[in-house]
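Some structures to go through are shown next.
Both complexes below contain subunit A, partnered by subunit B and then by subunit C.
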Partner chain A sequence: MTLAWIALRNLARNRRRTLLSLLVVAAGSVGILLTAGFITFSFQGLAEAIVRGGLGHFEIVRRSALGGSADRLDRPIEHGLEDWQRLRRRVEALPEVAAATANVHLLGMATAGQATASFVGLGVEPERQRAMGFTTRLRAGESLPPVPPLIGEEVVLLASGLADTLGVGPGDWVTLMAVTPHGMLNALDARVVGTYTTGLQDLDTRFLQVPLATAQRLLETPLVADLVVTLEKGVPLERGAAALERLAAGHDPPLAVVGWRQRAPYYRQVRDLYRGIFWFLGSVVFVLVVLSTSNTLLMAVMERLRELGTLRAIGTGRAQLAAIVLCEALWLGVLGGALGCLLGLLATWGINALQLQMPPPPGAVDPIDLRLALLPQAFAGTVLLMTAVLAVAAIVPVARAVRLRIVEALGHV
Partner chain B sequence: MAGAAAEPLFAARDLVKHYRLGRVRVPALRGVSLDVSAGELLAVVGPSGSGKTTLLNLLGTLDEPDGGTLRFAGDELAGLSDRRRTELRRRRLGFVFQTFNLVPVLSALENVEYPLWIAGVGRRERRRRAGEALDAVGLAARSRHRPDQLSGGERQRVALARALVHEPAAVLADEPTGNLDSVTGGEILDLLVRLNRERGTTFLVATHDPEVMRRAGRRLTLRDGRVAADGSVP
Partner chain C sequence: MGPVSPAAAAPPTAADRELLARSDVAAHAPDAFRARVRVRPLAGGAARELEIWKGEGGEALVRLLDPSQRGKFFLQRPEGLFLITPGTRQPVRLDPSHRLAGGVSLQEILGLRLGRDYELVDVRRHGSGAQAQAVLALTAKADGLPHARVRWVVRVADARPLRAELLLPSGKVARMLEFRDWGAGSRLAPRQLVVKDLLRGGQAFAVELLELAAAEPPPAIFALDGDAARAALGGTGG
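== the complex of A and B ==
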């Protein structure tokens, strides 16, 4: 005879009520698990999309380009990297690093016939980007060619919204204008090889990509704004950061190593939003489970007042009585949480097998996959959480049990 | 030691107890005094509402008097903390109720084990003593049965075993034969008398049962919350 055994048998005395309580706890657990699985999958997918979308794991940039703030996103070419190809060789020699590619950031105007639009551009190395797994979602035409174009054979890849604004498509020509670091306005003609999407409607109306050489010719500079670095598979970000920091230390001019999260405020905002939603849903589940199970536990106490009074009469201490009632609640938490984990596992498999998609979120272009991540720590945490929730739910029933007056309880029918 | 031996097990003086029914304050005991010596079999009798159960509740520390003094084995009970009163009931007192009040989810053996379990007695010792207690009331063969698988008489035997398993100084029984037919009630009474004689356990039995009154060594009659008569049974 143990406390846990007695509590378990007490739960078994009203099986239907216990089953209902278990289902309430399990439903709450499933809700938490599915939400956590979806949010985690979304985080992982978003992070992967951002890293593979061109940000890489780290960026190496001249410290002066940051203007004292690591969160600053623009990379003025005046503070670009000079001997960047040598620097890249050193970076790529690190065992933690998979590859590095150079970028030039552009701001300017694009015209085609009578149409004019401002643009935010990026000079890239297409062959390296492809080797690093960076993806560009083409909408029409082709990607940028792997070989740097000759002078006079410039090409450009326009975001679909910008192409629409300019009224051009693959094969058409546009004129790109930008201000050089010397303050001169420069222009060059480029053939549109294709259109692509950034995934966000607002960005699609502004963005374009050109080969690195084209960007350098437009800005009349041999510099690049930064080097984007991806790590070998499985290398933790912290280890990669440490290796790059060691390499950057003592460099003249001073360099900064910027992690991708600092360059992706959108990711931070989405993460904060999802976390807020998760905590809100969690709070709702918490309140519902506490109220529901507390009521059930209280009913179980009220129905057994005479029995509990008898236990007190024959020498059961208040703490011992509290332990019996609390133990019943904890069983509900453990068993309900475990049942919830089982159901959550099945639901996760089922939903993933259905390969569902959800409509694009506001401002986005593509639908998003409804997939759920399986997180062992979330399953263990849910059982612990539900046990804690039931401990909270037991407060009122336990208080009722320990405060009972023996004589009144013995007279209870 | 002679002085200690003469000390009554229970010594009550002018016990007063009121209950509140809505706004009305109803007197249950109006100054009851009595001494109960170790080894007595005392029948507390009287009509319904005379204060029998209230007196047993006070003597058993299940309730506290509004007035008067109460000593158990020489110790004043007034002002004892809930913890000390619980400890006293756990170690020194046993209880038998009219409706048996067994824990329905526990077997007969486990019900009898329970007082030893809460007292922290080890499993093996618990099992041995509970088995002996069940044997003493003639229910060793039914030890694995749950209360709902036992007859009324068997349940009361289990309750008696539970009250005796920790070898208390006194057992307070409130109408122990009240829910039993006369034959079964007689068997329970036989048990009480035998255990009182063989073990010297003090029994205080609140009852309407004439047979209990007849066989008890002493009879305390209450009427309207006062002692109407107190004397040995001829």
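== the complex of A and C ==
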């Protein structure tokens, strides 16, 4: 304790140099905090967008639809759910579950006049989707109506790029063609009620949504491809998964419960990319802080050689001397980290208050918000990290102090 | 039986052209007829029956006889192939190579119009005596046909086609038609053929001709707006 106090007083002796070191540590801390805040906000935003974009927290699907691979994303209707309405009632009776909705996946051709384009479609239950908080970013017209359309009154919501390719807008008619599970071609006329964006340009040229009943009529099937489930607020994913797994156990035909992360390879790719960026930036900050503070600490040792020699001459041990230098470094880490946290907090508030936007990432349609998440654990972790970084930076100065020879030190000018 | 490998070929002679004409299945069919065919996947699965009306002008109408497909037709007209279904207000234009049922196209059922639509470019001959075969290489005379190139393998002794290999422009064999059985009588009428999709792992379908009779199609069934005439077909068979 005494050594720590002595080390703190030593730092106070050269306030300018100490302040400079503290600022270096604080700047590194701010950099790490802002990066962590941005990445965390991006993860949270992307996860929320994916879950609320229609993926839900879990999917219940026939095991045979996965074809032995949990990463398989297509859901052939041949492996669809027959008793889906009864199954949904059981799922929604679980206390962990907020709601469940059925989907039918489509692949086919859309034509309007002379224009033809292939599409990837989804049959959805609009009213349930809205109740589950699923969002559709409309560009024009209206969303799909809440009530299933009557036969002959089919409607479709086209992604904006697909609507452009077909040269249609709200109120126009398109013909949707798809091959049924029995290998027969079928076609339906559908009125375009609106256009929307998926958020990604490539997907916008292919995607469409139709009411579930329309999709089933197009495929001439009463089956649905899967049930998408959202959990009640605050229910951990693990608990939700366990409850659904228990419900699915023993079902004939066998069912699989698939988490949203498994069905979102895009999320995994973005997360891995951001993690890579974070570790790269963290490494750069680590090296910069270590080099600059190590230099400062070494200077502090070199300037005090006679003093340190005197301490050794009056009986101070090498370990005590090393502890003093190490404590000085640790104080710089703790205080610099704390200062960085304070500055990081202010910077986070300031940036969030400015409500800045960044240009759309490659392939995306809309600009993204530049927001930073406030993470208590990141603040605590940054102080600990900076303390550890300064401990590493102190290795050379401590070694120099330990190797000090009393006679040379006392004669040092 | 696999695709024929390329070998030395000779320019076609008058005898080769005559062989092609004698083996041209579609050319031997009545100008106008009603036929009923059954398409069955060889790997298992439901068989489907189709009623086909063909007019003298080359138009054809395919009616799906499965009760669940009531009201659904494929209509071949000079300007293209159309799907007519209760779910659409207008006939929907399709790619001419579109598969009707069970992965078989209308051309494969009606027969390719070899003499009319294709040109004989070279010939190779194999074997001798009763086993002698001629491989006639044909190319489409015009764009827009479902198959740009055809290899037509014919038994020379009786001018019976053995198989047709339908090639992509690259030369890759996409589909193969094997003639398995022939109707009685002098007319060249296949009773059963097997269609293999070589681009999809050799998926194979048996096409069985259940009925074929020269018949004048009911008026207006080939018109794009002939819904009433087509609806009346419900009582004509199947």
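A few notes on this one:
Basically, the second predicted complex is superposed on the first by the 412 of 413 C-alpha atoms of A that agree within 3 Å, B and C clash if a C-alpha of one lies under 4 Å from a C-alpha of the other, contacts with A are read in each partner's own complex, and residues count from 1 in each chain.
In the analysis below, a residue touches a chain if its C-beta (ideal position, glycine included) is under 8 Å from a C-beta of that chain, and two chains touch if they have at least 3 such contacts.
Since this is a predicted model, take the numbers as computed values, not measurements.
Steric overlap between subunit B and subunit C is absent once the structures are superposed on subunit A; the two fit side by side.
By the document's definition of touching, neither partner reaches A:Glu92: not subunit B, not subunit C.
Within the superposed three-chain model, A:Ala313 lies in touch with subunit B and out of touch with subunit C [touch as defined at top]. Of the two partner chains placed around the shared chain by superposition, neither subunit B nor subunit C is touched by A:Asp272. By the touch criterion defined above, A:Asp202 reaches neither subunit B nor subunit C. When the two structures are aligned on the shared chain, A:Glu245 is found in touch with neither subunit B nor subunit C. Of the two partner chains, neither subunit B nor subunit C is touched by A:Glu142. Shared-chain residue A:Glu220: touches subunit C; no touch with subunit B. When the two structures are aligned on the shared chain, A:Asp366 is found in touch with neither subunit B nor subunit C.
Of all Cα pairs linking subunit B with subunit C in the superposition, the shortest spans 82 Å.
Considering their complex, residues 111, 152, 154, 173, 175, 177, 182-189, 217-218, 220 of subunit A touch subunit C.
Of all residues in subunit A, only 1, 6, 9-10, 12-13, 306-307, 310-318, 320, 406-407, 410 touch subunit B in the complex they form.
Listing the residues of subunit B that touch subunit A in their complex gives 57, 60, 62-63, 82-83, 86-87, 89-91, 93-95, 97, 99, 101, 103-106, 110, 113-115, 117-119, 123, 126, 162-163.
Residue ranges of subunit C in contact with subunit A, taken from their complex: 46, 48, 64, 68-69, 72, 83, 85, 87-90, 92-94, 98-103.
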